[in-house]
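Got some structures for you, see below.
Same chain, two partners: chain A is paired with chain B first, then with chain C.
Right after this comes the complex of A and B.
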């Protein structure tokens, strides 16, 4: 339970800590919760079925069971959340924002909500935490974002909120029973999974979850809120959105959507894979001619997650391992790329690539580290991106070779837009702005990212061993608890 | 030490060298940085030699498991056999010489330590490519060398005039390679789905011993995908246009990566996978014709290029085409033999051109050179040897290695032989043309350049001399059977185990008379070109005219067959158009429009409902009464 309590305490304490100590306080909080998560991970034996964090053994009148806990799938997301939160705090360390008490409080608040999402073993609880995450990320963008943020934020808020309502309806439908199904005993995951759904209700329930997740991921064509929101949020907001918040949706697909309504997976499989594929290609092509460097990477993010979503619905263990490696990789790369963008923007005040250039000459260290992240983003071997993409493209390819070929083109397109953005901003003779090289905290963020990227790229088995037993068990549960329509 | 321990060391030296130079290089003195990198590469070479003399049978070294899943087991492991070790010797041997050369050539460059870091890392990646025991490892090295090549082509990215252009050349190389890589990756998936493993030894066993094959189409698919990968890395039609542009990199890079080692990775891949190709005759045919076309097209373009490095680049493309012709005919050992000699003389020529460019204060246009024969005699002599070797001058290395391929072509198909000889004739012409224009005649550069012309330091001349010696005597490795019956074909015997037999031409046509006749024709072609070029460019001192004055075939040659323009029109511009139009119409107008439409719809419905909320009590009472009446009527009707 200390997993959630520690960041909650830091969130509250941030409101009363003096301004001078705020950034050290924030860093201390980040480190503490990261260490706690890693300790949990070290003591977790992958074959352990399930570790309970909180179970009052009591169900409220409307079915909320308050169950929280983790298996390998949840725990890896918990570790990811805490490490990324630490990196976000560290990235902001030398900025004005780090001394702001509301900012620090909101980051911890966000962390708590995310941890809640990943450790909820109760559908309604999951939904509540899911909705709570909207508040801090919205406020961070609203208070500290770019001038044009308001319209973008309203679009973002309404869009995701409507999506979430669809998920709530789906949850209610299972709990209360529709189309002649028996109602579930509670919202606890095992009770919800035990419900035998008719084809009609499974279709609606799956669709309800899918809508919520498709908006959040975002899956083509539900992505239009994303580029505007990313570009108008401050760095921390963009990082939270891309590195962590969209992972909730991918996690939700694995943990909730497919296990609760696997009956209709077969009918949704192809449409989701096709939407993912369209997203991969469409966003990549759009990214090629963007002028705003942040917007380029926003589209790149859409392109990358399309592949992950396609990999999830394949529902085989090998591709799912690719999903986890690629999710982690995407978080690391997102933090790295958006940090690089922010470094450029805060030093020069420019995000338009045609006005940038020559930075590599003035800031060689930055050029090197930005390059490393860019290479991970285009999934070069020895980086985690390669392993993830290899497993995922292979999965899609074995499902349908034509789609596999199309989705594989991300290898080529990714190189086109990423290298274009990198070269336009970094190459060429120096321009007439002064560009100081990395500060220690920025360097440290990049360094940690590189270490993680390379470790995963060389020895992905680390993650695979951690997650695979839980995934296998989850898939077995899906098969045993439901009478699947063949 | 045993082979098991030595082989990982080969990899380790350049990696450590690269890491040390990468982290501390800037703070260390230049001489130390260069020596360290060169030492790393040389130690690798020495270790490889030790393994070479110890190795009796293929040795597999398991390092660690990378991915261990239900139906996918990939491990990081190495395979030392005659083929991989031969490649290692070429890579580290030539690599060391080029490291040494770079110590002089890059002396005044600001990015000295960065350069040597990349160079060491390149060697490391290339070694992984050839030493890996499975296709997955090969792919790691394959992309790794691509990345190093990318950074080295764009090495001078902050140059005021050419910085951005260098970057674009680098990007072009990387992206074209990536297209090939995608093909290779699909090939890997196919192999996995068909055979369930990526280990060379297991696959070779399955295919050659157990005789378990896929359908002919499956074999065609696998080999085609592998070949597509090879066309990217080894610059074949249609993916060859990146290689000439890659000359934007420093000259030692062109010598090492874009001539001697990386571009032969495609050849290595095919030789390694020969057990697949032997069961895919259709792919072999395609490979043969693609190679032939590339050889011809590149030779044609090289005829009217005036940049000393561009000529050499197209010559490389052309020679690689020749190699694919050999592979298409199943002449794997002949291909490896030519890879070896080509590495010698092409590295020599590139380093020679580097020495010329160095002497000419970075001038690369041969029209502005001339008369360098007397000014830089050592460079001249070695360059001459390189030129003679590549054109197939009797008894030099290129003579023997080309002869073997040509012999195969003759017994395969006389028409192919004829086209090949024409391409070889073109090679001889453009090489001699360049040689005479650069080294004969009068000096045509500026006065300042003339004053400055000088031979490079010993670190630059020594590699030239060693490579020249190798270029002369490299033919001894695989002498044809008409001489020294017993000792002939040493290399072919050495690689026998890897290439599914000897595949010698003697097996097909044992007639010494034909071999001798082919040799005489080849000699005649080479000498004829030599004489003609001497008369035109040497004696008469003709200088190539400006591109604008050219017409007919010369104009087409000078403009590289307009292939870049065609690719731009067919692929680049449509994609960019899609990107712009897609963003404007699909993203902003359509998709975003729908969302805003929804929002507006909700807003409008609010407006509509708002009109009912007038706030006037009499209206509300009216609606209420209406409602009550409606209800009463409803119930009355219902009853």
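Right after this comes the complex of A and C.
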């Protein structure tokens, strides 16, 4: 339970801490919660079935069981959340924002909500935490964002809120029984999984979840909120959105959507993979055509997650391992890229790539570290991106080789837009900026990112061993509790 | 019955105590009367005295549960309104007495057992509101509201009476249980008198709760009335009307469910869309609240359409959560005290008065149904009960919740925003202690009440 309580306490305390100490306080909170999560991970044996965090052993008359806990799948997300939150706080450390009490409080609030999403073992609780995450990220973007943020934020909020309502509908349908199903005993995940769905209701329930997750991932036709929101949010907001909130949806697909309605997975598999593929290609082309460097990386994010979404619905252990490695890689790369964008923007005031250039000469350290992150984004071998994309593309290829070929082109596109952005901003004729090099906290963020990226790239077994038993068990549960129509 | 008498007498007392020119005395009497009324209502139910059943009135679990929140809401409205009564101290007694009389009517409407008491209750509920809607005599819109409400309301009452007469013609009784028994016994062989009467009563009810297509009075009346009256109408009057609606339709006319449910479903959908789509472009706060309340009526109608043993509880929970949000928001609007009642006046509230702004955000998000606030759980209970019988109706309601988030969110953003630099800064608003208490109660209820609802 301390996983959730510590950030909550920090969030509350942030409201009363004096301004001068605020950034040290934020950092201390980030380090504490990251350490707690890592200790949990160290003491967790991957073969353990399930660790309960909170279980009152009691269900309200309405079926809310309040169960919280984690297995390998949840724990890896918990560790990821806490480490990324620490990196976000660290990368804001020398900015004025870090001394703002509301900002610090909201980051911790977001952390609590995300941890709640990842550790809820109860459908309604999951939904509640899922919705709560909207509030802090919305407030961060509203208070500290760019001037044009209001329209973008309304679009973002409505889009995701409507998506979530569809999920709520699906949860209610599965709990109370629809199309002649028996109702579930409670919202606890095992009770919901035990419901045998008819073909018609499984289709609706899967669709409800898919809508919520497709908006948040974002999958191809539901992505229109994303570039505007990313561009108009402050750095921390963009990082929270891309590195963590997006992972909520991917996690939700693995933990909730597929286990609850696997009956209709077969009929949704091809559409999701095709949408993912379209997203990969379409967003990559848009990313290549962008002039705004932040927008480029926003579209790059859509392009990368399309592949992950396609990998999830394949429902085999290998590509799911790829999903996890790639999710972690995507978070690390997103933090790195958006930090680099923010460094450029805050020092030159420009995001337009045609007006940038020659930064590498003035800030060689920055150029080096940006380059490392860019290479990880391109999935060069020895970085975590390579492992993840390799496993995913291989999975899709064995499902259908034509789609595999198309989706595999992400590696080429990725190189094009990332290197283009890197080259246009870093090299070329110098534009006479006064560009101070990295400060220590920015350097530290890049350094930690590089260490993690290389470790995962060389030894992905670290993650795979951690997650694999839980994933295997989850798949077995899906097969045993439901009669799958193959 | 004791509760009714206590509240009525405290209303009378406050009317006469107003001569003492000491507004706090009136407030004290009224609050004491309301609390005593609440306690007696509760004990009466708890100890099951034998005089729980009177000729025409019956305080069963339904009446007590709804009656208690009616009393609570009235108390909150009185506390909120006290500081704005102070501008016209000579009217404090009138206001509070009329509020209490109206509450008496609401309690009758929750506990009647025959059509006669129902009609009396409805009139006792409405007439003080007609008066109070026009109480802001300097404002032409207030007079307009009063006149409009009175004319249309009187017409609706007429239709209702006519409907009751038709029902009497068909069943030869005013008593609810006799009508219920008659309808069940004569399954399928009813005379058309009953159907005509039912439709008339239905349309009168739709008028009273403000459902489309009988909703046209509500934006104008909400907009024109003083804030307190608007809050009272949104919370207590709606509660009384819905209580009676449920008593008559879900119990007495349950045998004719197949006849009225399809019509009511269509009207519920219409109500949701009308309320939501009209609310999108509003610039005045109370009009927005009126249209939002129309939408919420649409959601609440689901509990009446769905035939289930939990319907009454769901309706109760829904009105409970709705009332707290509305009273909180109305209190905030009273604190802001904008002459034109513009939504724009909310701009930057959270920077001027952090706590007031916070409650405003809670109220708005709760109306929008964002978890973990109370409004979410109210909606959740209603929808999850309805989904088993009317999945498509719930799907439409969910779409409407999605539309609704737009205008609530626009206001939330306004509350959170900085004020424009070029305009003169609005000074910090003074918040009287009593309103602070109301805001605190609303905030606590909205934050933590939801969990209580689904226990």
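Simple rule for what comes next: the second predicted complex is superposed on the first by the 486 of 486 C-alpha atoms of A that agree within 3 Å, B and C clash if a C-alpha of one lies under 4 Å from a C-alpha of the other, contacts with A are read in each partner's own complex, and residues count from 1 in each chain.
Definition applied: a contact is a pair of C-beta atoms (placed from the backbone, for glycine too) under 8 Å apart; a residue touches a chain by one contact, two chains touch by 3 or more.
Predicted model only: the values in this text are computed from it and were never measured.
Quick one: is A:286 in contact with chain B, with chain C, with both, or with neither? Answer first, second, both or neither.
first
Kindly classify A:381 by the partners it touches after superposition: chain B alone (first), chain C alone (second), both, or neither?
first
Going by the contact rule set out at the top, does A:175 touch chain B (first), chain C (second), both, or neither?
second
Name the contact category of A:54: first (chain B only), second (chain C only), both, or neither.
Touch partners of A:54: none, neither chain B nor chain C.
Quick check on the superposed pair: does A:416 touch chain B, chain C, both, or neither? Answer first, second, both or neither.
It touches chain B, and chain C stays clear.
Check the residue A:128 against both partner chains and state whether it touches chain B (first), chain C (second), both, or neither.
Only chain C is touched by A:128; chain B is not.
Can A:161 be said to touch chain B (first), chain C (second), both, or neither?
A:161 sits against chain C, while chain B stays out of touch.
Which positions of chain A sit in both the chain B and the chain C interface?
158
Touching chain A in the complex: which residues of chain C?
Going by the criterion above, the answer is residues 370-372, 376, 380-381, 383-385, 387-388, 391, 394-395, 398-399, 401-402, 405-406, 409-410, 413, 416-417, 454-455.
Residues of chain A touching chain B in their complex?
Residues of chain A touching chain B: 155, 158-159, 221, 223-225, 282, 285-290, 316-318, 321, 357-358, 360-361, 375, 380-382, 386-387, 390-391, 393-394, 397-398, 404-405, 408-409, 411-412, 415-416, 419-420, 423, 426-430, 458-461, 464, 468.
Spell out the part of chain A that touches chain C in their complex, as residue ranges.
Going through chain A, the ones touching chain C are 60-62, 64, 127-128, 131-132, 134-135, 139, 142-143, 150, 153-154, 157-158, 161-162, 165-166, 168-169, 172-173, 175-178, 183.
Which bits of chain B are touching chain A when the two form their complex?
64-72, 76, 139-140, 142-144, 147, 150, 154, 157-160, 163-164, 166-168, 171, 174-175, 178-179, 181-182, 185-186, 189, 192-193, 575-576, 578-580, 582-583, 586-587, 591-592, 595, 599
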